[in-house]
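Heads up, there are several structures right after this.
Shared between the two complexes below is chain A, which has chain B as its partner in the first and chain C in the second.
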Partner chain A sequence: MTISFLLLAAITIIGTAAAMSLKNLVHCVLALTLGLVGLAALYLQLGAQFVGFTQILVYVGAVAILAAFAIMMTRSAEPTKTNESSSFGLSGTLIALIVFAVMAWAIYTGTSALQVAAPQPEASVHQVGVALMHNFVLPLEIIGLLLTAALIGAGVLAMEESRRAR
Partner chain B sequence: MPETIDQIFVLLKHWLMLHVPVALQPLCSAILSVIPVLLVFPLLFAITTVLERKGLGRIQNRYGPNRVGPFGFLQPMADGIKSLTKEDIIPRSADHFVHFLAPVLLVIASFLVYAVLPIGRNMVVANLNAGVLFFFAVGSMVELSVFMAGWSSRSKYSLLGAMRAIAQMISYEMPLVLSSVVVIMAAGTLSTVEIVNMQATYTGIFPHWYVFTPWGFTGFILFMIAATAESNRCPFDMPEGESEIIAGYYIEYSGFKFALFFLGEYLGMFATSAMAITLFLGGWAAPLSVLTWVPSYVWFFAKLLALIFVFIWIRGTLPRLRMDQLMNFAWKFMLPMSLINIVGAGIWHFMPAGFARWLIVSLIIVLSCVLLSRSLRRSKLFHARVYRFAS
Partner chain C sequence: MNALSGYLLLSAFLFSIGLAGALTRRNAILVLIGIELMLNAANLNFIAFWRYGPHPEALTGVMFAIFSISVAAAEAAVGLSIILAVYRHSRTTDLDQMNSMKG
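Presenting the complex of A and B:
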């Protein structure tokens, strides 16, 4: 529990909480980005450079921009009077509590809680690459296939639209 | 003696560190590494603005700035004072906080990427294990600041400019990253320092730069085209096309915030050029082994200025592209070419050294380039442009 961990955790929590509670949807996206950057910084603090930088590259560089685009393209960016998420606040709180309880239980009874003094593993890019190409090559290929299918699907959808427009 | 001159800044820092109490040493070390970057690159920005305006003037057969100081070289000072004293106008309906944050985020992201660029031998702010990845990750934050600027101004022009800029940046980020993958494959590391060290060896008097291989040359060309598009420069300056959307996403910025956007854009251009130098042109390494007595940082900045000259030259020569040409070029030519280039680099890696692999890899790349561009031309040649929304 160092100061840097507490600061980064505070940034992450404030960012995600603001993403849920702000009125303007674009502000929500920006706050969510802050939370994701905080999460990436937490990964970096744990010595996982590859995961941390990939988190920034994918979530800040692509997902946040795409979310902002989607909001601007599909509905007006005018701020709404009420935050729609507050209408199902009770059920949301309940679900969040249950998830938190399950995770806390898993952490406190799992094996990871026992090895406090274990040496910190350094997840270098080389190790990540070796793991992906040896142990996890089949999941990698399946994800690649899935993403290719999604890409082709997106292309087909776009083509349909342009044909209809003519 | 050349060794001392080469390492003079490193030695100076070590000497200064001896006079600092041990508890403050990590902090002081970081500050001493960061301050030169914060000083040198904005200075380079100031010099480049003059050189660019004078160079463009020469290309366009006119004088360029020649009033302030000798040969107009104090023009950036005058511009800086002007932008500092100008009124800072914020549109009434703008989102004030985001409007303020956008240029700040842009400048922070533009400065952060310099952390992994080796300026000379042993001269890098942070030698990260995943340096190249850090560069692209932080570079992608620029897109976010462009979106924030365009959206928060609440002006149609700035929103259109931001849309164009982001669409262009996302499209060209793909070839930018994929063309640098070949170097990562060859070097087997993501650390910028290691990549330069691998290129700083010589056969006879000739260096082992990656640009002197077929895949490296193709990768360099693709990287530079994508870098031009990433930094929104001519012929890819659609996002700020003066004749259509005035100045794009920063139209509603005035005074020093405008200057910050300008600074961020140029810093981004320097950083991508420096990355191209690091990946393909041997970083701080001398071009011939007999020239290694020249200090390493001199070579780095010489190469950087050479690339900046190429940027200015291109800007003075080529007209602006159209939006559909821009997108077609990114997705139908740049992306396939960079993928083929990766295949070429793989073949190069697994073939025995010699003339055969030169021939085969060059043949693959040249043939695919010719076939790709011919097929694209054939499908485009006699098509009248269809204006989907305007006709």
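Presenting the complex of A and C:
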């Protein structure tokens, strides 16, 4: 439990909590970006370099921008009733709190007695690349296929309907 | 309280924030963002268990996190384009008003 962990955890929690509670949706996306950057820094602190950089590239670079574009194209940024919480806002928060309490109890009783070794393993980009080309070739190909299908599917779904109707 | 449980507690809290957002917000884009946060919490668990687990040289946790991030990216792209298609059809992103499957 070091100072850097506490600092990064605070950044992540503040960013994500603000993303889920602010009224203006553009502010929500900006706060989400902050939280995702904190998470990427946590990955880097844990020694997983490639995952940290992928997190920045994919989430901060692509998903947040995509969400910002979706907000602008659906005109959700204007303050409307839609941006407030739904009719069962209180019970939803209560359910989330109960879920957190159960998980925290399980973590506290399950891992606090555990003696974890701290060998500081390294997952350099070179090692990850070698593993992707040897042990994980098949999942890599399947992920490529899935991303191609998602690219085509997203394009078809977002296409103008009048062009498809003919 | 060791280092692993700190990461696990943070991950559980992130999951709860995402769950609360997905359950309470009315805008479909924010519900999707909440689901992304829950996926991110799972990724943090993978990395923490890889770092403090018994066989870190196998790189299994790192690989699972990388594939999980790619699947989440595909899900976000398809989900947001579905929201755009629904918005073009019914002029709303309010989930409380999306109450009919046809027209």
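In this text, the second predicted complex is superposed on the first by the 115 of 166 C-alpha atoms of A that agree within 3 Å, B and C clash if a C-alpha of one lies under 4 Å from a C-alpha of the other, contacts with A are read in each partner's own complex, and residues count from 1 in each chain.
The working rule: contacts are C-beta pairs under 8 Å (C-beta built on N, C-alpha and C of every residue); 3 or more make two chains touch, one makes a residue touch a chain.
For clarity, every value in this text was computed on a predicted model and none was experimentally measured.
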First, second, both or neither for A:14, with chain B first and chain C second: neither
Touching partner for A:124 - first (chain B), second (chain C), both, neither: first
Partner touching more residues of chain A, whether chain B or chain C: C
Partner chain in contact with A:28 - chain B first, chain C second, else both or neither: second
Partner chain(s) touched by A:50 [first = chain B, second = chain C, both, neither]: both
Touching partner for A:72 - first (chain B), second (chain C), both, neither: first
Chain B versus chain C as contact partner of A:62, first or second or both or neither: both
Overlap of chain C and chain B interfaces on chain A (superposed complexes): 50, 54, 62
Of all residues in chain A, those that touch chain B in their complex: 24, 26-27, 30, 33, 49-50, 53-54, 56-57, 60-62, 64-65, 68-69, 72, 77, 124-125, 165
List of chain B residues in touch with chain A within their complex: 95, 98, 128-130, 133-134, 136-138, 140-141, 143-144, 147-148, 151, 159, 163, 166, 170, 173, 189-190, 388
Footprint of chain A on chain C - complex, ascending: 1-10, 12-21, 23-27, 29-30, 32-34, 36-37, 40, 43-44, 47-48, 50-52, 54, 56-57, 59, 62-63, 65-67, 69-78, 80-85, 87-89, 92-96
Chain A residues within the chain C interface of the complex: 1, 5, 9, 12-13, 16-17, 19-21, 25, 28-29, 32, 35-36, 39, 42-43, 46-48, 50-51, 54-55, 58-59, 62-63, 66-67, 70-71, 73-74, 76, 81-89, 92-93, 95-97, 99-100, 103-104, 107-108, 111-112, 114-119, 121, 123, 127-128, 131-132, 136, 139, 143, 146-147, 149-151, 153-155, 157-158, 161
